[in-house]
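What follows is a single structure, written as structure tokens, with notes after it.
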Amino acid sequence: MDEQPTRKGYIGQAWLVILLSLVYGGALAGVETALRETIAENKRRETYDRIPVLVPGADGDKTREVNQADEVIVADADGNWQRVYLAVAADGAPAGWVLPAGGQGFADRIDVLIGLDAQASTITGLYVLDQKETPGLGNFITSEALFTNQFAGKSADDPLTVVTTDPISGSHQIKAITGATISSESVCRIVNRTLATFKQPIRRRALQGGKATAQAPPGPGKDTQ
Amino acid sequence: MASQDPTAVERFINGILPENPVYRQLLGMCPTLAVTGAVKPAMTMAAATAFVLISANVMISLIRGLLKPHLRILVFTLTIATFVTIADRFLAAYMYQMSKQLGPYVPLIIVNCVIISRCEICSSKQRVGVAIADGVGMSLGFALALGSIATVREILGSGTWFGLPVMPESWPKWGIMVLPPGAFLTLGLLLGAAEWIGRKRAEKAKQNR
Amino acid sequence: MLTAVTMILAAAVLAILAIAVAYVLGWANRAFHVEVDPQVEAILESLPGANCGGCGFVGCAEYAEAVARAGADVALCAPGGAGCARRLAEIMGVSVSRTFPYRAVVHCAAHEDHKLDRTPYDGEPTCAAANLVAGVQGCTFGCLGLGDCTRACGYDAIHVIDGLATVDYEKCIGCKACARACPRNIITMVPFKSDRMLVIACSNQDAGPDVKAVCQVGCIGCSACSRNAELMEMKGKLPMIDYDRYDEWADFTVAREKCPRESMLYVGKPSAEDLAAVAGEEMPSRIEADFKTTVDETQWRG
Amino acid sequence: METLVILVQIAIGAALINNFVLHYFVGICPFLGVSRRVDTAFGMGCAVTFVVTIAALLNWTFTYFILRPSAPLPAWVWEMAGGDPQTEIDLSVLSYIMYIFVIASSVQFVEMYVRKFFPHLYKSFGVYLPLITTNCAILFACLEIMKHLDDPTGLWGVHEALTLAVGGGVGFTIAISLMAGIREELDLCDVPEPLKGPGIALIVAGIMAMAFMGFAGVDQGIQNAIRLLLQ
């Protein structure tokens, strides 16, 4: 059909493809750098907007300012580290901590934000950032009224357990969502595991003094969340 | 196929109903089933597909003279992929919540059969004007189809429409409608209904001819 | 500065990938080159592609191969008609005689009331089944009117009207499906040299009195027509028209007057006077079920 | 041991639980178009599995070496060009265009290869090979593999990528072969006229999707079983 092209012919034939990829490569990179800032801002804002809700008495902009100035990284003994947000009130006094956490849920990964008070002793709130649980059943873990409000006030020391009957008030029991026990258990497992690992480092940090001291982050200093 | 190609206006009208990409040509089923859980994401997806389809049609019809037969699919996919990435970045920047909800289905517009078939059939052979008309027609048809399926699924599945509660509180929400099986069933029944209406209209046309 | 760098790098990465892919594909195109006879592809391109089997081959691809290699006749494609035959002839460099479209013709003219000596039949509603049962209707040659041909036709061109299979010549493309489906083989393909063709609308080979006993319109073999028209000659009890020597202005008026029965008909596109005759009549609006369940469609299985 | 558990979880997940066709709705066009007969459907399934494995392998290598935010290749090129190593070159925006480029060219290559060395196979589903390029399942598999692009800890290794590709392909073949078997039966039963063809196929697919939802809790069970087994 077509004549037998020589070696140079192969490339010659496809000059349009090469030209197009050059043009498109450049265009895409241009668009990317133009929009990257806004996208990163979206991601960060998503976390900072939650902080005043999670930690009562914290002020969003002040916290954002403090946390963007220097990142607070806590690490436990065997080296896994996690970026934490120090929630501060309007006048700069530390009001609590927000600890991102994530793990395997029923269908896929679940990412949450745990709100702790200044001494990291009691949980002040929980917000589910990202989940793909079964719609209509599992995705009720995001609803304030049904599930996440139960976490407020629970102590950070003893692990949370999930019960299907009505929990005894004041105990560390969480009532599971009907029909979605696995999702509820996964959320509690994530909270327990993250608190167990990072509770001590956060408390050490809280004792070191109100002002967040910049600690050389072991991993590449970058905004992971 | 008719030897003389349909004009721009004909292609525009064709795109919407007579040759609706989803109901008549059965193209672009992947996003149709995936994002029509609720009307809002469905419309965003339809808008993104419209942007990509029209700009790809324009781009391809501009360079249609240079296309080599055995490399044309590669050129089509390259063009479409670029516009999809732009759309995806735009969505992530300005409608971040929606982009998170649509998740992997925005890049899947690249392999949406509607766009590649429109490039192949129409814009790689026609002038820019006809290609635009065809692109707009097809994307309207696609939006119509997506809207219809999403409306059915959202009202039955979560009792709301565009997020506003529509059904009475006592309406038992059919969870299945939002889940994957619901998508298949709704589309299957809607296809049957479209076929039936088409058949009845054809019969009525035959009778009074 | 960073934007410029990323742009250059992005473009460079894609360009290098494109070059590599172009090279590999170009090499593969040459190394894996499969000789495909361009002629076969050109022929396939010009065939309508309906895969109807009218040319006697299984599909267009096979017909294209046969034309290119085995020198099959270029005019066999019925749906393609003269245009397609001309294109094929050009490709093959063959001169083509003037071809005529072959259309189906039903050699029977007996409607419901013309058929005598009929017994009620409620077996399987197909011609193939009714053909096996003796005595369904007096005439053992004529059309049974149960619609096997209608089901076989893919172009909705033949329907059983008032007990007789009638061909709609606007839709018939001559694909021979009905001829193959008819268990009594009374449908043949006739080259339509003009819009209206004269055909013998009977296939009853019995003697006159027997035909009269079973049918009011069947041909009794009196050979009046063959004596008055040189294009016709008797084959046993039935006259046959020689369609090769047939031409538009052949005059059969004398033979038709002499024929005591009504077994010679003009078929094809409705002539001017036919249309004039029915012009006044208002189309009856037939009431039909607005959707067909498949029960009556499939073979009734008792 | 832990990696084995993850591999099994990915494989079972891709093949049964989050089946590409019935859970993620990718690859519906061939799923409806090709599933008339079981042998063509199985052939299509194998072709898709074959191509998805190649595409996943190629795309993973490109992503790992080029597209990752702090990928070695662009950093090395940047240093050669005399830039300061601290600035980080992020080419992840090229991911979509590169994936579809690799998929289209590998399908083209496979088509030429099959046409040359397996003409019989090519004749039986020749027209479906180019259709595979526009098959969403393959691009979806590549996207799933690159899902954790921006957080370095979550990026998948080559073994996880291959498991997902093969698992997804097998899941696709299972779904499309089951569908073909059912549709062959469908031709014999009384389907209301307007639903013939795609309508009934979709309804059958809906019921199959319900059945596949039954697998939802299976991977937790298997994980615990494996852990017990290996204790």
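Labels for the chains are A, B, C and D, by order of writing; each one numbers its residues from 1.
Basically, a residue touches a chain if its C-beta (ideal position, glycine included) is under 8 Å from a C-beta of that chain, and two chains touch if they have at least 3 such contacts.
What you see is a predicted model; the values in this text were computed from it and never measured.
The interface carrying the most C-beta pairs in contact is the one between chains B-D.
Nearest to the overall CA centre, using the mean of each chain's CA atoms, is chain B. When chain centres are set by their Cα atoms, the one at the greatest distance from subunit B is C.
Centroids built from CA atoms put subunit B at 34 Å from subunit A. If you average the CA atoms of subunit C and of subunit D, the two centres end up 47 Å from each other. With centres defined as mean CA coordinates, subunit C is found 71 Å away from subunit A.
Between the Cα centres of subunit B and subunit D there is a gap of 23 Å. Contact with two or more other chains is made by residues 13-14, 17, 20-21, 24-25, 28-29, 31-32, 134 of subunit A. Counting partner chains per residue, subunit D has residues 90-91, 93-94, 97, 101, 105, 108, 192-194 touching two or more of them.
Of all residues in subunit C, those that touch two or more other chains are 2, 6, 9-10, 13-14, 17-18, 21-22, 25, 29, 291. Residues of subunit C that touch subunit A in their complex: 2-3, 6-15, 17-19, 21-23, 25-27, 29-30, 36, 38. On the subunit A side of its complex with subunit C, the touching residues are 1, 4-5, 9-11, 13-14, 17-18, 20-26, 28-30, 32-34. The touching residues of subunit A, when paired with subunit B in their complex, are 13-14, 16-17, 20-21, 24, 27-28, 31-32, 35, 38-39, 42-43, 46, 130, 134-137. For subunit B in complex with subunit D, the residues that touch the partner chain are 26-27, 29-31, 33-34, 70, 73-74, 77-78, 80-82, 84-85, 88-89, 104, 107-108, 110-113, 116, 176, 179-185, 187-189, 191-193, 195-196, 199.
Across the complex, subunit B meets subunit A through its residues 37, 63, 66-68, 71, 74-75, 78-79, 81-82, 85-86, 89-90, 92-94, 96, 100, 157-158, 173, 175, 178-179.
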